[in-house]
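Following are the structures in question.
In the two complexes below, subunit A is the common chain; its partner is subunit B in one and subunit C in the other.
Now for the complex of A and B:
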């Protein structure tokens, strides 16, 4: 179980670095959604299922929709 | 060496939270794109939540939900989870507020890059000073 915890944390750090480094904003937002989903799994492992539900619904759902809506109104490529 | 590895596995969440905070801060500071800055703020926020929930975790404990007819036992601390539940909602409010301001900035300046916005502001200021100089000479 602790090994899985370690793998999830390493995946989170890699996702955060990748979201910072991509030039395409839509792919950055998709990477951030996967980051939120892995964070929800991590919270399930930390025995707090209420936080996991909220994170999966709000962090991966609503936030991604808002980011995509704003990117569709502004520009997609970061200079 | 072995006990060090066990110690590292026990505290991997704290180390991960610190690393995530630093990565998010780096994203906020170095990128001039405003949406990237908001993503960095989100990463910092989730890292702080991870730190809080990890502090309340008890290894081998159950989630703090009482079922009828079931014996009690060890529960994880429910206080950090309740606080973080509020924190997630506040974080979404902050994110959406920032995104709405990004839309307004894009309407005003036509770009969401911070350095281009600063350049435009400088040009506007120099034009205003030139106008003032012309009127004062006449």
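Now for the complex of A and C:
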């Protein structure tokens, strides 16, 4: 369990850094969705299932769709 | 988006998502979840419908007028239920101190007016998600 926790946290940090440094905004949104999914699993391991449920519905679902909708109205590459 | 596979899968999966969202909202006082996650799941099902069948079909299913009324009505319902606590001589949103029962495990109809508050929050969050998404992908008014 400790090793799984360590792997998830390292993946989380890598996702956070990559989402900030990516120039292609659609890729950044997909990386951010995976960040939210890992965060939901981590909330579940921290014994907080309602926050995990919210994170999976809002973070991985609705926020991603909202970001893609905004990108479709503006430009895709960060200037 | 004109994709047959996405349409068929969405048509199958949307009722299950909605039943799960209603379950989470209705068991908000007993199990993990509550108004906000359940409402988000319900709103996400309508967003999936709009994504699969196009903006016109989504706007026809939940018109902007309906979601506007649901949004305002749900928060007014929340405030009205909260004022019951003041009506019996306690503070806003009082449940236990005002004599209403607490939730019992496995019994959906319990916990005084907490389930009604959860349902109001669920309707509010779901209609907010739908309004936000339909406004964002709709035509520019300018």
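Keep this in mind: the second predicted complex is superposed on the first by the 79 of 79 C-alpha atoms of A that agree within 3 Å, B and C clash if a C-alpha of one lies under 4 Å from a C-alpha of the other, contacts with A are read in each partner's own complex, and residues count from 1 in each chain.
In the analysis below, contacts are C-beta pairs under 8 Å (C-beta built on N, C-alpha and C of every residue); 3 or more make two chains touch, one makes a residue touch a chain.
Because the structure is predicted, anything quoted here is derived from the model rather than measured.
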item	value
Which superposed partner A:16 touches (first subunit B, second subunit C, both, neither)	first
Contacts of A:5 with subunit B and subunit C, given as first, second, both or neither	first
Touching partner for A:35 - first (subunit B), second (subunit C), both, neither	first
Contacts of A:54 with subunit B and subunit C, given as first, second, both or neither	both
If touched residues of subunit A are counted for subunit B and for subunit C, the larger one	B
Partner chain in contact with A:62 - subunit B first, subunit C second, else both or neither	both
Which of subunit B and subunit C A:70 touches, first, second, both or neither	both
Subunit B/subunit C common contact set on subunit A	49-50, 54, 58, 62, 66, 70, 73
Of all residues in subunit A, those that touch subunit C in their complex	49-50, 53-54, 57-58, 61-62, 65-66, 69-70, 72-73
Interface residues, subunit C side, partner subunit A - complex	24, 32-34, 36-37, 40-41, 43-44, 47, 51, 129, 132-133, 136-137
Subunit B contact footprint on subunit A (complex, rising order)	2-3, 5-6, 9-10, 12-13, 16-17, 19-20, 25, 28-29, 32, 35-36, 39, 42-43, 46-51, 54-55, 58-59, 62-63, 66-67, 70-71, 73-75, 78-79
In the complex with subunit A, residue positions of subunit B that touch it	9-10, 12-13, 15-16, 19-20, 23-24, 26-27, 31, 33, 35-36, 38-40, 42-43, 46, 49-50, 53-54, 56-57, 61-65, 76, 78, 80-81, 84-85, 88-89, 92, 95-96, 99, 102-103, 106, 111-113, 116
